[in-house]
């Protein structure tokens, strides 16, 4: 009961609240100061801020007892929550507006601190957690590129100052001024408000543009590669958990599981999802780890539960789907697509043999019916 | 006969029709309203729209009987077609202009809905199907990045509003106004219509440009990686199908096929294509799965059909091609290039031995002649 | 003798000629028409054009006899040359300026066709050949992305026309006019000459910028991935050739060579290059395939030739280089760096044992000296 | 003692000095010539320049005796230092400002040569060394892309000159002038100061933008891929060193080490770092290569040193961390995360068995306590 309420709050109430509050802040910034609209929008921000504070209090209080059984004092658990990434975001979001109203000289500007609520969106995003891990892992490489970028940036600004200061004293009259041009050019944004006029300045500019692309490309490549690796690692862990729990793979050695985990992937499916329809081309089979699927055959649908699999007939006999299959309750499935089914046939023929035997049995049962 | 007509319609008539209709819509937008040209262009759009509606009707009608033999009612099959990606595009394209003419207040604007016909180009593009699969697979990662982008975007707009509103009330007078600057800068487009003027605004801008590149780079990297993987998967399936059908590889175990599929790739060739010319450097050999090739030797050309291979002599003897080989009818070939030929020599020496024996036999036959 | 002359022409004379001619064309475009400078520059272009025509003639004539011994008529060989990529570039470059002078209404514009000479730079660039192979291999994927780009482009232009035509009839008054904005925005170039003014136009623009980045990112990723693979394939072939010729690896099976080729890489070194200096940290060893290196030890330098290796002592004993080694004539080396040396130790211990035995022998020889 | 002083100078004094000097140069450029501030900033630059000269002298002097024992004259060692990348940067930084003051006609401009000090930041950046190696390795590919870029660039400029010179003689009146537009467009910077006006010029521009993205994407992809590979190679070497020194892995064959090195990674940790806290989710275990960690258990903390491991209990029993573990002195650790722990269980079950036995022993010891 309580868990369900908590889920409702986490997945629906808080996001709605935060979105509403952010909207009020954004739109409120367009209102005439002290007009009725202004007051309304800012009141809405205050209401959300108060609710977030209450929510934080409840969360901290509830954190006690969530740790390991003998963790000692409840405050140790509470501290664990506050110092976790989730907790830090909750705290930051809750105190942002109160702090803003306190610190900013103009009251109206304090409401802008509601912008920190946007971090709440990042809490349930698995990708952002990944991103932080990636940044930590690849920090040496990323810092190097940043240093390199900084070096190119300083050289560009100093060079442009030297070459353009006489033609355009306003824009290039000192190194700090030339820096604005340098960053706009290095990032290939190119506003066009500052453009070199001399021939030498333009030659330099050409190299700066090319250099900017090269440096950022490097950065992009490293982040993207590291992110892909981290993603693969997470999928590996998730799939391993499901494979280890699936009764079909129960008797396998760890080495065999390690093999299979590379070829299969996990998928969580909502109740009501149609896995495939009769007559479609079949490109994957499904192992049910938890939940239930329903095979729509006459005279009445057949239900399959944990430990069973479905969809193998189209793969084995290379025929269209012979029945529609849908999910009747939230399920965790392992999906083996046709390319990997074939790879697996090469690496673990005994597994495929079991699947094919079941497919043959079902087919003859179908034909008998 | 009917199949050929259908192919003609699908590959030639519909693309021409759609291109013509789109052209009429685009050029029609430049015509003076109600001028004779305007009427002509819009009539052309109407004609194409009607033809697409007729085409849709015929397709829906014909869809019956295309499913599995015992699929029950013909309407089940028709529904399968309509709910397939192909069918949805056909329906959208057919009803676009009628709906547009109905819904838009100005008649002239209804014709612009012909833009939806452009989706027809995506139907026969294998890549777009891939792209959709990729988007589904990588959706968690992509949504995370999008969330991150949104967070950075909101912070940038709020910050710029705070820092620049006094210097430029027109462009930065509220958070929504500052958002225009934020998106133009984050995407490194940099129109230059709105540029921060204060020193603090420019400092923020520098970080926003760098942040924009980092976020988009991440996005790019993930899409590109996922796409490459999906592409590899599709090639694997296509090649597997051909290898399994090629009589040369008939006696192999599944494990061996899985090995070979990684080293060989499928290629469909039109009649008349010259595979290689006498005297060229030889960098690949070809297995014929279906179709026919002709080896241009004296006194009369030798024809090779399914199950045979060609081009191995240059690989085995490291010599230039000894004859010109061309394709005489549409053929499916498996191409083994020299790098993979060598890898295969390491992994499956018995296959290479068979190929070398044939090469030796052919060489002595050539020398005898 | 003739070969040396040919190399001199190919690597020095032609590039110089082409660069000179291109320079004359570029600078000539700045001259006042019919001024003495104008005439001089254009005469230079003519001279280069004539020389290129002569060179083409000689090349075609010389092509006979370059094919296989029994290739029949010399014109078959000549045709092979003309229809090769190299030959096509030679022909295009040679006839560009004559054709330009013939076709263009203004004589001065004919000289601009010298721009086609720039293709000569691509002839000796191994990367460009790779690029063409890559484009052919990945053409399905690239075409799909291009189609997708075109679809997004058309939607953007039509949408912007609908939303902005009243605010800015000059820039968005028809779909073709809106296309200019669409391409400038989709490519994130953002000149800023045309910027949407309405709130809806700007919302559309935001999505177009994001969409443009996504589409181009995809394109970039696919080209880059395909290029990397092709590069790896070429290196594999080059290294295989050297490993197969190196007497040290003579007795290996094909499987063993396939293994080693992945861990070693080929390098061509000019005479006089210093491979490493005494006292440096040692991170690689070198197998000599052809050429000669000199080990700078007392009382007189030791020369090592094909089949021998050098630099293994620092790897085996984890010590700084004990002598300076330089290359005395142009050499082909196989470089095994320390990371791969260790991998090889795991996979092929017998090879490493041989190397270690030699290292021990040399060390004791050194110590005895 | 001397080593510690050297470390203090290298890691703290020199970076501070350089940053201060660069700041003085940058800010000095904004001062009114010959004002008191101007003099102060420039004096600061002079002071830093002198200190860098002194530092260089000491370094060269000290370089003697750092090479191998019998390297002969001390000047050979000194020369090794000066000709190393580190030494070259030291020399360039030290002589930059003196040279600048000597060479530049205006005294004020000589100070700008302090910009070369920025290279000092690159000295301790491992990434920059990697980058140079990458550039050398991938130079063939990078040069090819650069050539391709140059070809596209020249074609674009010549084409734009031909198409736009009449509409905009100022911006496109000669090929060199059109080059400015070409580079701004090809790099997608798009300042907007020069924009084609004719319909044909705009068509060309569309292709140039698309081409620019394609070429740079290629470049980016190649650099990023090569960099990733080089990074992996460096991590491999670093991890190998630690694994070879870790007593836990002492008895393994080279093949087994090569296996493990792929699954484990090295991490240097400062004293005081908390590896994990009691009650957290456990996702990695740690092998201590050097240094010491402290396990916070009652009645008194347990200290673990080189050869021991920690954190395995949470992995083996899939439970939260049962104690907080922190590092008490600077340590080198090998981190085995849970995904790789499972892979290793498949590949090297005997190692995991040893770890599990220890985990069981510790658990029963805990429960007994």
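Each chain gets a letter, A, B, C and D, in the order it is written, and its residues are counted from 1.
As a convention for this text, a contact is a pair of C-beta atoms (placed from the backbone, for glycine too) under 8 Å apart; a residue touches a chain by one contact, two chains touch by 3 or more.
Since we're looking at a predicted model, the values are computed, not measured.
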Copies subunit C, subunit D: same or different interface, half of numbers shared as the threshold? different
Give me the superposition rotation angle from subunit B to subunit C, based on Cα atoms, as a multiple of 5 degrees. 90
Measuring between mean CA coordinates, which chain is farthest from subunit A? C
Please tell me whether B-D or A-D has the greater number of C-beta pairs in contact. A-D
Centroid spacing, where centroids are CA-atom means, of subunit A and subunit D in whole angstrom: 27
Geometric centre distance via CA averages, subunit D-subunit B, whole Å: 38
Tell me, which residues of subunit C touch at least two other chains? 188-192, 216, 220-221, 224-225
Subunit B residues touching subunit A in their complex are 67-68, 71, 76-77, 80, 140-141, 143-145, 147-148, 150-151, 154-155, 158, 161-162, 173-177, 185, 188-192, 195, 202, 205-206, 209-210, 212-214, 216-218, 220-222, 224-225, 233, 236-237, 240, 253-259
Could you pull out which subunit A residues touch subunit C in their complex? 188-192
For a test of understanding, state which residues of subunit C touch subunit D in their complex under the given definition. 22, 25-27, 29-30, 109, 112, 115, 118-119, 121-122, 125-128, 130-131, 180, 183-184, 187-193, 216, 219-221, 223-225, 227-228, 231, 277-280, 319-320, 322, 337-339, 342-343, 345-347, 349, 352
